[in-house]
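Beneath this line is the structure, given in C-alpha cells, with notes to follow.
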Amino acid sequence: MQYSNNTVLHVADVHKRFAGLHALADIDLEVEEGKTHAIIGPNGAGKSTLLNVIVGRLAPSSGAVVFDGQVLTGKKPHEINQMGVARVFQTPEIFPDLSVLQNVMTPAFAKRDGAFRIRMLNPLANEAALREEAEEALADVGMIERRHLHAASLSRGDKRRLELAMCLIQKPRLLLLDEPTAGMSRHDTNTTIELLKKIKSRGMTKVIIEHDMHVVFSLADKISVLAGGRIIAEGAPDAVRGDPRVQEAYLGGAH
Amino acid sequence: MNVLRLPRQDVILFAVFAIVVLTMPIWLTPFGAAYPGLMQKFAIFAIFAVGFNILFGLTGYLSFGHAAFLGVGSYTAVWSFKLFTMDAIPALIFAVLMSGVFALGIGFVSLRRSGIYFAILTLAFAQMSYNLAYSVLTPITNGETALQLTNNDPRVIDMMFMERTAGLPSPSIFGQPLGGIGGFYLCAVLLLVAFFIAQKVFASPFGMMLRAIKSNQTRMSYTGFNTRPYALTAFVISGMYAGLAGGLLAVTDPLAGAERMEWTASGEVVLMTILGGVGTLVGPVIGAWLIKYLENIFSAFNEGMLHATFSWLPDGVEDIVVAVTSKFVGEGWHLTLGLVFVLIVVFLPGGIMEGVRRIRSAVANRRDNRRTRFSTSAAE
Amino acid sequence: MEAIFAQLLNGLDKGGAYALIALGLTLVFGTLGVVNFAHGALFMLGAFCAVAFRELITYEIVTTDPEQLSPWGSPLEIRTPIAQQYLGDWGAVIIDYSVPLSILLAIPVMLIIGIVMERGLIKHFYNRPHAEQILVTFGLAIVLQELVKTFFGPNPIPQPMPSTFRGAADVGSWLGLTPGAVTYPWWRLVYFLFSIGILSAVFAFLRFTTFGMVVRAGMADRETVRLLGIDIDRRFTLMFGLAAVVAGLAGVMYTPLLPPNYHLGMEFLVLSFVVVVVGGMGSLPGAVAAGFLLGILQSFASMTAIKNLIPGIDQIIIYLLAVVILLVRPRGLMGRRGVMES
Amino acid sequence: MTNFKKGISRRRLIKTGLAGVLATGVSPYIFSRSAFAQEFCNAPTGDTVTLGFNVPLTGAYADEGADELRAFELAVEHLNGEGDGGMIPHFSSDALTGNGILGKRVAYVTGDTQTQSDAARDSARRMIERDGALMISGGSSSGVAIAVQGLCQEMGVIFMAALTHSNDTTGKDRRRYGFRHFFNAYQSGIGLGPQLGDAYGTDRRAYHLTADYTWGWTQEESMIAATEALGWETAETVRTPVGAGDFSQYITPVLNSGADVLILNHYGFDGVNSLTQAVQFGLKDRQANGKNFQIVLPLVSDLMAAGAGNAMQGVFGTSNWYWSQQDEGSKAFTNSFGAKYGRPPSQAAHTSYVQTLLYADAAERAGTFYPPEVIRALEDYEFDGLGNGPTLYRGADHQCFKDVFVVQGKENPSNEFDLLEVVSTASRDNVTYAPDFFEGELGPYDPAMC
C-alpha cells in the first residue's frame, strides 16, 4: 500500500455491511499530518459507522484502518488512545463525579503513566507538575476559574469544553471530534467554533465528523462528503461547497 | 517518606480516629459494649467494611459475595494454627495472601461483566464456596461443625520450641496470649493500619482512577486506561481486607465456620457500608459499629427490660408500648435494621455521613460550599 | 433409565416454582426496569397466605374433658376447629382443602401487597441506579420477612396437603414401565400442572389482551409507548401486582412440599435471580425455560452416579451454570440486546 | 496487659452502665482495679449467680431449642425454691434445698445459637464476657455443642451440654469443662440394633441419608456398625446439607437403589421434612426385595413426632427419655412442666433440666463455684431419681451412662401428646463402653481467667 509521506491516518477500502445493509462502501480516506479533515454528510450517511470503524468499535467487513503504520482494527479503545488518538464524543463523556480539575488530571496520568500503573504512595495532592499542566489546559479552554466545581454541575457547553481540555492535555497526534456542536445553543456553538479555531494552529491532526456544513467550512483544510455510505466528493472547502453532487445530497437528504 | 505521607486533613482524621479506636474500652463502657468479644467485632468488621468500600465505594462494583474472602481468611488462619504455629502473625499473613489469591481468581472472572451481572457472578462464586465448604471440602473445612483446633494438630514450628501441653493452645503473638482485651488491641492496631492504607488509596492517584471508573467507564478507556486491571486491583485489595478480617476472627476465636461465607454475610457488609456512607472513609466504620452494636445489645433486650424502661407510664399504656416496642428489639431487631436501612436508602442514599454533612452544612452555612473529600458518591 | 426418569420428574415441580418466581421477576424487571430483591419475599408472603388461611379456618374452641386426664394430671383439653364445629363434615372438607382454597385469599391479598409496594416504594426508584434498587428492595425483603417472623414465629409451619393427594402416583406404570419403578407424589404432580397452568394463563394474557400488548410494547420500548399517550404507569402498577400474585400463588401451592418459614423467600430469591440471569434478563420465555432447566439439572446432579463422578456437583450446579452462561452468553439463553448493559 | 484484663472483666461496672461509671469516677478506675478481684472466671461476687442458656431459636432445631429454654426456666425456678420443686425431691442427692446455689439466687441469661457454630460461640462469649455467666448450658446440635464446649474450656467456664448426640462430644472432642447427660449415637445403635433385627429380620439392605456434620457422621457410622452386625447390607450412604428443607432430590434415588430400609440420620425439622417427604414418595407402602419397605429414624423426639404426624406411625427410633416414664422423678417433672406450659416436656427439655440441676448439685456438694472443684464433684458421680434410673457421670470422658429407650411411633395416639411408645430398653450395662473406645483427651483442670 502506498502512502504519501505525510499521511497519518489511512482508511483503506473499507466496506461495512450489516445484515443486508451496505452501510459503508469503498471508503478510502487519507488524513494528512497536521491537517484538519472534516467528514460531513446528511443524517444517515454513515458518519457514525465510519467513526466507530476508525476507533475500533466496529470491525470493517473488509479493508483496514491504518494509523501511523499500524492497523487499528481489533485494538481496544485504550490501546488506540495510547497510540496517540483522542476522541471527543457527540454527547460529552466526562467524569461527572470528579472535580473539573481531576477530570483533566486523569488523562494527564494516562499520558504519563500508560494504560495501567498503580500510584499509591504519593498523594494526589503532591502531583504538582500534573496539576499545573491541567490548570494550563483548563485556562486554555477558559475554565480555570471553575476547576473546583463538580463536573456534573457544568452546562452542556462547559462539559464539551472540559472534554476538549481532557483531550488536549494528552497532546494527541490525532484528535477525533464527533459532531462537536450537536445539540448546542447558538452561543455555545460559536464559542466552540472559536475554541477549535484557536487550537487549529497547534499542529495536531484533526478529524471532525459533522452534519452541519457551515460549522466546518472555516475550520477544515479538507472535506470529504459522505452520502449513502460512499464518499461522493472530496477536496478543499471551497471546491466542495460548489460541488453539485453535494448540493443534491444535502437537499435530497434529510435536511 | 512517601509511604507515610498524607494530606494534612487526613493526618488529623487519622489521629482522631486512632484516639477513638484505642479508647474504646473507656467510652464504650456507658453503652454496655466494652467487653472484649464485642470490641473485637467492632474492629474486625470495620476492617471488612473499609475494605469492601474500596471496591464498592470507589469503583462502584457491587459485590454480593465478599464474605467468601472472609471465610477463606478464617480457614487459612486456623490451618496456620493447626499446621505451623499458634502465633497470630503468620496466620494473618497467610490469611491475607490466600484471600488475595482467591480474590484474584474470582475477580479476574467476575470483572469481565459489570452491573448486576457482576453482582450475580460474585454471589454465585460465594455460594459455591459456601456450599462446597459445607459438603465436599469437609476434609479442609470440617463442614457444619466448623474447623477447630485439636490436641493432635502438628503445629510443627511450635513443637520445635516447646512440649505439647495437655490442654488446647490458644493464639498468641510473640508468646503473649491474645485472650480478651489483648486480642482487641491487636484488632484495633490492625484496624488503624487498614484505615491508614484506605486513606492512602483514597488520597492517591490510584484512588482517583477508581473513582473515574465508577464515574464513567467509557471515558476511562478512551482516555487510554486499561480499566480492568485497576478494578481487579481494587477487588484484590478489598478481598485481602476481608481476608485480614477473617483471619482476625480466627485469631480472636480459633474456629472457622462455613456460615461466614453465606450470602447473607455478604449482604451484611453491604448494609454496613450503605448505612455509614458509601465512598467515604469513616462511613463504613460507623456502619459496621452500629450494626454490630445493634446486633449485640439491641438483640439482647427482652420484655423485662422494656417493662423496666417504660415503668413510668400508666399500666395499660405501658403494656401497649412494651408490646409494640418488643417487636423491634430482641428477636425483632432485624426488623429495626431493615426499616432503618430502607429509610436510609430512600431518604439518605449517602448514609449517615451524608446526614452528618447535611447537618454540618446547615449549621455552618456561611462557609462557602467547598466540596470536602467525603462527597464522592452521594451527590448524584 | 428409571432412575433418570424419576429425577427428571422430580426436577419438574422445583422447576415450576423457579419458573413462576423468575417469570414475575422478569415481568417487573422488563416493564419497570427494577431489580426486585424483594420478589422472593412475595413468594414467602404467598406461602403465609396459606398459613393464615388455615389458621383462620382452624381457629379452635377449647373445651375440657374431666373424664380424661392430660399427662400432667389436669383435665384434658379438647380443641375443635370452629369450621368443624359449625359446618360439620363440610368444615372438615374445607380444612382438608385449606391449601388450594387459600388461593382465594392469596389473590386479593397479594394483589394489594404488590400494588402498595409499587406505589409506596418501588416507583420512586425507577430512575435510580440498579445498585440502589437492589439495596432498597433487599431492605424491604428483610422488613417483610421480619414482620412475618413477628406474627408467625421463626419455625416452619407444616401445611398438610388435601388427603386425596397424599401418597405417590405410579407414573411408571402409566408409561408401561415396571409398576412401582417410578413413583411421584401426587401433590408434586399437581404443583407441576398448576405451574404450567399459571404460566399459560400469564402468557395468554400478555399475548391476547390489549393490556398485555401494551405491556409487551412497553417492555420493548418504554418511551415510545409513553409517546403514544398511553398511561403506562398505571398498567405497570397492575403488572407489579400481577407479578406479586404469580409469586404468591407459587408460594401458596408450595407449602405442602416445604413447610414455610419466614426466610423461605431469601432461599428462593438467590436461585431465582440465577434463573433470570441464565434465562436472559427481560426474556419471559427465557425465564420459564431456565426455571425448568435448572430445576431438572439440580435434580440430576443429585444422582449418585453423577455425584460420584464429580463430588459436590449437586451443591453448586446452579451457580456453576450461572457463571458459565454469564461468561459465554452474557445475555443468557434468550436475552435481548441492550438490557442492563448501560 | 493483665491489668487491662482484670479491670475490664469487672462486670458490675459494665452492667450498671452509665450509673456505674458516674459512681466509680469514670476511667482511671478501669485500669487500676485490684488484680485480686476474682480467682476464676466470673466468680460470683454479689448475691446472685448467673447461668447462661444458649439454645437454637432459629434453624433446623429451633423447636428443641424453645423447649430447652422452657426447661431451663423451670429448673431455675425450682433451684430458687419457687414452684413445686419438680425433680429435686426425688433426686438421690439432697444437697439442693431450694435456696439457689450455695445460698446465691440463680439468675440466667439466654442466647440464640441459630444452630450455627459461629453464632453460638459469639453468643456464649457474650454471656461469659458481658453478662458474667458462670456456667453455660444448651445445644441441640452437636456441631454447636462441640464448638461451645471448646470455647468454655478456653475460658474456664463449665459447659453442661444439653441435647447433643454425636459420639464426638464426649469422644474425640471431649473437654475437661464439658459434661454430657444425653446419650450418644453409639448407644442408640446398641439399643436399636436388636429391635430392628427382631422386627425386620437379618436380610436387609439399608440406604442412609445423613445430616452432613459431626452428629450425622457418627450416627451413620454407629448405625452401620449396628445393622451390619445383624447381617444387613449398606446400599448407599448419602450426605445431605443441614436445613435442606426439600429432600426430594435425595429421596428419589432411593426408589431404584435396591434398598428396602431407609435410615434417616436427621434430627429436628430436617428429620420431620425428610420423613414426611419419604412417606409422600410412597416409601412406606412400597415393596422391595419382596419385603415391606421400612423407614428408621434412629434419634427421635416427641417434637419431631408431632411435626411428622401420621408419617411417624410405626417408625422405630431411640430416645434419651420420654415423658410417659413412670418413675417418680419423671412423673414429677412432667407434671411440673405440663402445669406451667400446657404440654409435656420433650427429651431435650428433660436433659436441659437435669443438667442444670446436676451442676447446681455439684457446686453445692463441692461447697464452692471454683470450677476444678465442681468438675471433680461431677466426675464419677453416681446418682438416681432424674428419670433414667441409676446413672453414672463417668470421669474419664464426662459421659453419663444410663438406660437407653427404644421407641416407636404410635399407630393410634390417644391424645395429641401421646405419640411415641417405649418398646424396649437397653440396659446401662449393655450400652456402656470402654472410656478409650473413642480416643480423646479431657485437658487440664486449671481455671482460665476469661
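Observations, loosely collected:
The first chain written gets the first letter, and so on, giving A, B, C and D; residue counts start at 1 in each chain.
Here, a contact is a pair of C-beta atoms (placed from the backbone, for glycine too) under 8 Å apart; a residue touches a chain by one contact, two chains touch by 3 or more.
Small disclaimer: the values here were computed from a predicted structure and weren't measured.
Fewest steps needed to get from chain A to chain C, stepping only to touching chains, is 2. Chain centres computed from CA atoms place A at the largest separation from chain B.
In this view the innermost chain, defined by its CA centroid being closest to the centroid of all protein CA atoms, is B. Each chain gets a centre from the mean of its Cα atoms; for chain A and chain D, those two points are 75 Å apart. Work out the mean CA point of chain A and of chain B, and you get 45 Å between them.
Chain centres here are Cα means. That of chain B falls 34 Å from that of chain D. Looking at chain B, one finds that residues 131, 134-135, 331, 380 touch two or more other chains.
Taken residue by residue, chain C touches two or more other chains at 154, 315, whereas all remaining positions touch fewer. Interchain contacts (touch definition given at top) occur between A-B, B-C, B-D, C-D. Listing the residues of chain C that touch chain B in their complex gives 35, 121, 124, 128-132, 134-136, 138-143, 146-147, 149-150, 154, 266, 270, 273-274, 277, 281, 311-312, 315-316, 319-320, 322-323, 326-327, 330, 340-342. Put simply, chain B touches chain D in their complex at residues 25-26, 29-32, 34-38, 41, 131, 134-135, 138, 143-146, 148-151, 165-168, 170, 176, 179-182, 253, 255, 257, 259-260, 296, 300, 331.
Taken together, the chain D residues at the contact with chain C in this complex read 57-58, 62-63, 66, 236, 238, 241, 245-246, 248-250, 252-253, 255-257, 269, 272-273, 276-277, 280-282, 285-287, 307, 309, 323-324, 334-339, 342, 344, 415, 417-418.
Looking at the complex, you find that chain D touches chain B at residues 1, 4-5, 8-9, 13-15, 17-18, 20-21, 26-27, 30, 57, 109, 112, 116-119, 121-122, 125-126, 129-130, 142-143, 146-147, 150-151, 153-155, 172-173, 176, 211-214, 239, 241-242, 441, 443-444, 446, 448-450.
Interface residues of chain A facing chain B in the complex, by the touch rule stated above, are 55, 76-78, 81-82, 86-87, 89, 93-99, 102, 105-107, 109-111, 114-116, 118-127, 148, 150, 152, 166, 170.
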